[in-house]
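Both complexes shown next keep chain A, but they swap its partner, so chain B is in the first and chain C is in the second.
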Partner chain A sequence: MNLPKSASVVIVGGGISGCAIAWNLANRGVKDIVVLEKDTLANGSTGRCGAGIRMQWGAEKNCRLAQFSVNFFENANDILAYERDIEFEQSGYLIIAANEAEAQQFRKNVALQNSLGIPSVFLSPEEATAIVPYINATQFVAATFCQKDGHLNPFHTTDAFAIAAERLGVRIFKHTEVTGIEVKNNRIESVDTTGGRIATHIVVNAAGGWSKAIGKMAGVDVPVYVQRHQILVTEPLEPILGPMVMGFSYNIYIQQVPHGSIIMGRSDHTEPRDFRTTSGWKFIEEMTKTCGTLLPYLRTAKILRQWAGHYCMTEDAQPIYGPVPEVEGMYLACGFSGHGFMLAPATAELISEMILGEPLTIDVSDLDIGRFKRRELVREQSVV
Partner chain B sequence: MENRRITDHPILDFSEGEVIPFTFDGKPMEGRSGDTIASALHANGVKVLGYHFKTKRPRGFYCAIGNCSSCLMVVNGQSNVRTCTEPLLPGMKVETQIDRGVPDDV
Partner chain C sequence: MLEKTGIATREQIEKLLPSPGRRAEGPYAVMECFQKIPCNPCSTSCAFHAILPMDDINDIPSVTPDKCTGCGACAAVCPGLAIFIIDESKGGGTGTVTLPYEFRPLPGIGETVKAVNRAGEVVGDAVVTRVLPGKKTKTPLVTIEVPLSLVHEVRFIRCEAHQEEDPSVADTLREIPAPPQTADIGEQDDEVVICRCEGVTLREIRDLIREGYTTVDEIKRISRAGMGPCQARTCGPLIAAEIARMTGEPLGSVAPSAHRAPVKPLPIEFFLGGDTE
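Moving on, here comes the complex of A and B:
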């Protein structure tokens, strides 16, 4: 398959965001869309992520973005006419508060979430043990729970968007790397790739960890950095965990996938800011210590393997959405800081609306690239 | 059952050690000192060690080095024991595993 000479929109990045944006635009009738992926689909952060989705956020915007995405995922197999299954399991998220200060914040979070129609509840440790039976209730002071949160298969979900997009005429080029972006009079003219040049006036930068490099090709400084995040997976076990368990002070998220394996991860902000995806001892020691304290019965579960992927971080751990002032035609959908997978349906909706000049379903005008220069950062406390 | 004990091997030497009694799914069996659980079962003619939790297809002795999960069994009530590398001890209660198993305390 040869690259076309021109395209109405070129989307850089074949992860969940790029594929979802491509489908969304095509579904609105846009023709001649091209997706460029330097490796294989979902090879970057998407295919390495914890694949959870929660509506339990502390900032209203994040609640709304996640709520939109949950509603989409609930019907995604039908909407995308996917022959397989994205495996969306709404087994809930139990989020634990390690101290009174966190519990206070959680009370506010639940009040906000409930006001938006998100069915979360505030629980005592005893009530939490009714949902996750083997959790060590002495290790937290309160918890919140939302049954509608859950997790899904990141490979199938990306596949579902990609197949649906191609059915609508989108052309996806794998193993095709962007090598340059031509800008004339502050407007994008074309994209150079390892497979040739494509003339276009619109580029969507959904390149995850590589979005900074893509921005630079057009002379745009995208204020993101890349950091390794590690995960491990155990042998498959009978269903014993129930919902995703998450703690911010504890720095842990842990879930049991339908196959039976238990997946767990945590963050380490001392990690160097580079593209390494190796696995390390420090992670496995800290992870097993935390997990063994909170869920002691998992101490005997055998670890099969660990892996790593990137968080594409911004200063306020919020995504960057929308056009850039310096270069006409470049739209950013990056800097998701670990939440790009769960937000993808909302991302796709909003970026499509921006490109087509339609009113935004959710007002994300304050998540623009300009907020960093204006020093108007968006604060969200509830992140791992 | 027929005796399938390996006595002749191009690299390894096997000594006829002391008899170690154990049970397999309730049936009394005998192994020898130096046996792993799986080698003792093999010597006793047991070929099916477990069943895949989803397909329910039988699983047998395969990699023999603790890698492949084909020999996972329930030993003294503990599931997911890699019987090909776990030494046989007197009185062990070895059972066929039919599900994914659970951690010890559950």
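Moving on, here comes the complex of A and C:
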């Protein structure tokens, strides 16, 4: 399959965001869409993420974006006519507060979430153990729970968007790396790749950790940085966990996937800001310690493997959406700060609306790239 | 020791040996298989039911020496090349060791070769007395005669007469042409389980390759092949070979699956301090 000479839209990045945007645009009738992926689909952050989705956020925008996405995922197998299964399990998220200050913040979060129609509840440790019997209730003072939260299979979900997009005529080129972007009179003219040049006036930068490099090719400084995040997975166990368990002070998220394996991850803000995806000993020591304290039952579970991927971080841990002032035709869908997978349906909807000049389903005009210069940042605190 | 050096100890080997009476009667199989891995061809290969069926595919094989005839069928199917046939009954101060030998060219009968121990050290000379080419199993079996004192030491041979300047392994892999496209493979082959940890069949692998998933990692992501306890040690090369066969790419250009720590499943409590072995 040869690259076309021109395209109406070139999407850079074959992760969940790029594939979802391609499908959404094509579903609205846009023709000649091309997706460029330098490796294979879901090879970057998408395929390496914990693949959870929650509506329990502290920032209103994140709540709304996740709420939209949950509603989409509930019917995604049908909407995308996917023959496999995206494995969306709404087994809930239990988020634990390690101290009174955190509990206070959680009360505010639940009030905000409930005001938006998100059915989260505030729980005592005793009430939390009724949901997750194996959790060590002496280790936290309160919790919040939302049954509608859950997790998916990130590979199948990306696959579902990609296949549905291709069915609508989108052309996805794997193993095709973008090497340059031509800009004339502040307008995008073409994209150079290892497979040739494509003339286009619209480029969607959904390149995750590489979005800074893609921006630079067009002379745009995308204010993001990458940082390694690690995860480990155990052998499959009988269903014992129920919801995803998450703690911000404890710096942990842990969930059992339908297959039975337990997946857990944590952050390390002392990590260097680079593209390493090696596995580290410090992570596994800290991770197992937290797990052994919170869920002692899992101490005998065997770890099968650990891996690493990137968070594409912004200063306020919220995404960057939309056009850039300096270069006409470049749209950003990046800086997801670890939450790009779960927000993808909303991302796709909003980026499509922006490109087509339609009214936005969710007003994300304040999540533009300009907010960093304006210093209008709403810091999301509820992140691991 | 085995876990650190990869070399079984004398004690470990002695536990595998039949009674002295049985050893004097004729050839017998020794299974130097110490690690629980999902692997069972030996247990289904024995026509004499000398190898007990496995309840769990990860079990270590168990041999009944009185039923074993030393025929070598198990040695030829063991993917780990971990089974040897020992004969101490010949008399005259010598015995024979039958070992799997997957190199070309094969030695000739009567040829003197170097006898090598488990650590790869040459411990003496040996004379080749039999060569089974392994047409069906693709694993030739070579029988050598060595002093009786060495039958539990010698586990490999080095054929110095045939040593030539070897190209690097990578070069060799690149030069291996893709096997010919054979459209007519037969229905039964499709049902072969390729990933035994996750129960993925060749049919599923082939369907995915036809759909355009042409790397080992892409197939892993969609089918789970390679995500189980053995971490693609068994299925990874098989899937790569099938990709090469179906796409016509040389095997050397099919990227292998990513290998991830800790390689061998380890319990969470292992990392919680204490024993650091």
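Note that the second predicted complex is superposed on the first by the 384 of 384 C-alpha atoms of A that agree within 3 Å, B and C clash if a C-alpha of one lies under 4 Å from a C-alpha of the other, contacts with A are read in each partner's own complex, and residues count from 1 in each chain.
Heads up, the rule we're going with is that a contact is a pair of C-beta atoms (placed from the backbone, for glycine too) under 8 Å apart; a residue touches a chain by one contact, two chains touch by 3 or more.
Everything quoted here is computed from the prediction, not taken from an experiment.
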Checklist entry - After the match on chain A, would you call chain B and chain C a fit or a clash? => result clash
Checklist entry - Does chain B (first) or chain C (second) touch A:255, or do both, or does neither? => result neither
Checklist outcome for this item: Of chain B and chain C, the partner touching more residues of chain A is C
Checklist entry - Of the partners chain B and chain C, which touch A:238 in the superposed model: first, second, both, neither? => result first
Item to check | Partner chain in contact with A:297 - chain B first, chain C second, else both or neither | outcome: first
Next on the checklist: Just checking: does A:318 make contact with chain B only, chain C only, both, or neither of them? Give me first, second, both or neither.
Outcome noted: neither
Checklist entry - Which holds for A:134: it touches chain B only (first), chain C only (second), both, or neither? => result first
Next on the checklist: Per the contact definition in the header, classify A:113: touching chain B only (first), chain C only (second), both, or neither.
Outcome noted: neither
Next on the checklist: Just checking: does A:211 make contact with chain B only, chain C only, both, or neither of them? Give me first, second, both or neither.
Outcome noted: neither
Checklist entry - Now for A:337: first (chain B), second (chain C), both, or neither, which partner does it touch? => result neither
Next on the checklist: Just checking: does A:157 make contact with chain B only, chain C only, both, or neither of them? Give me first, second, both or neither.
Outcome noted: neither
Checklist entry - With the two structures fitted on A, what stretch of chain C runs into chain B, 1-9, 19-27 or 55-63? => result 55-63
Checklist entry - Hey, what residues of chain A end up touching chain B and chain C alike? => result 235, 298-302
Next on the checklist: With touch defined as at the start, can you tell me which chain A residues reach chain C in the complex?
Outcome noted: 40-43, 47, 84, 155-156, 159, 234-235, 259, 279, 284-285, 288-289, 291-292, 298-307
Next on the checklist: Help me check something: in the complex, which residues belonging to chain C touch chain A?
Outcome noted: 215, 217-218, 221-222, 224, 227-229, 231, 258, 260-262, 265-269, 271-272
Next on the checklist: Looking at the complex, which residues from chain A come into contact with chain B?
Outcome noted: 134, 235-238, 240, 260, 296-302
Checklist entry - Once bound in the complex, which stretches of chain B touch chain A? => result 53, 69, 78, 80, 99-106
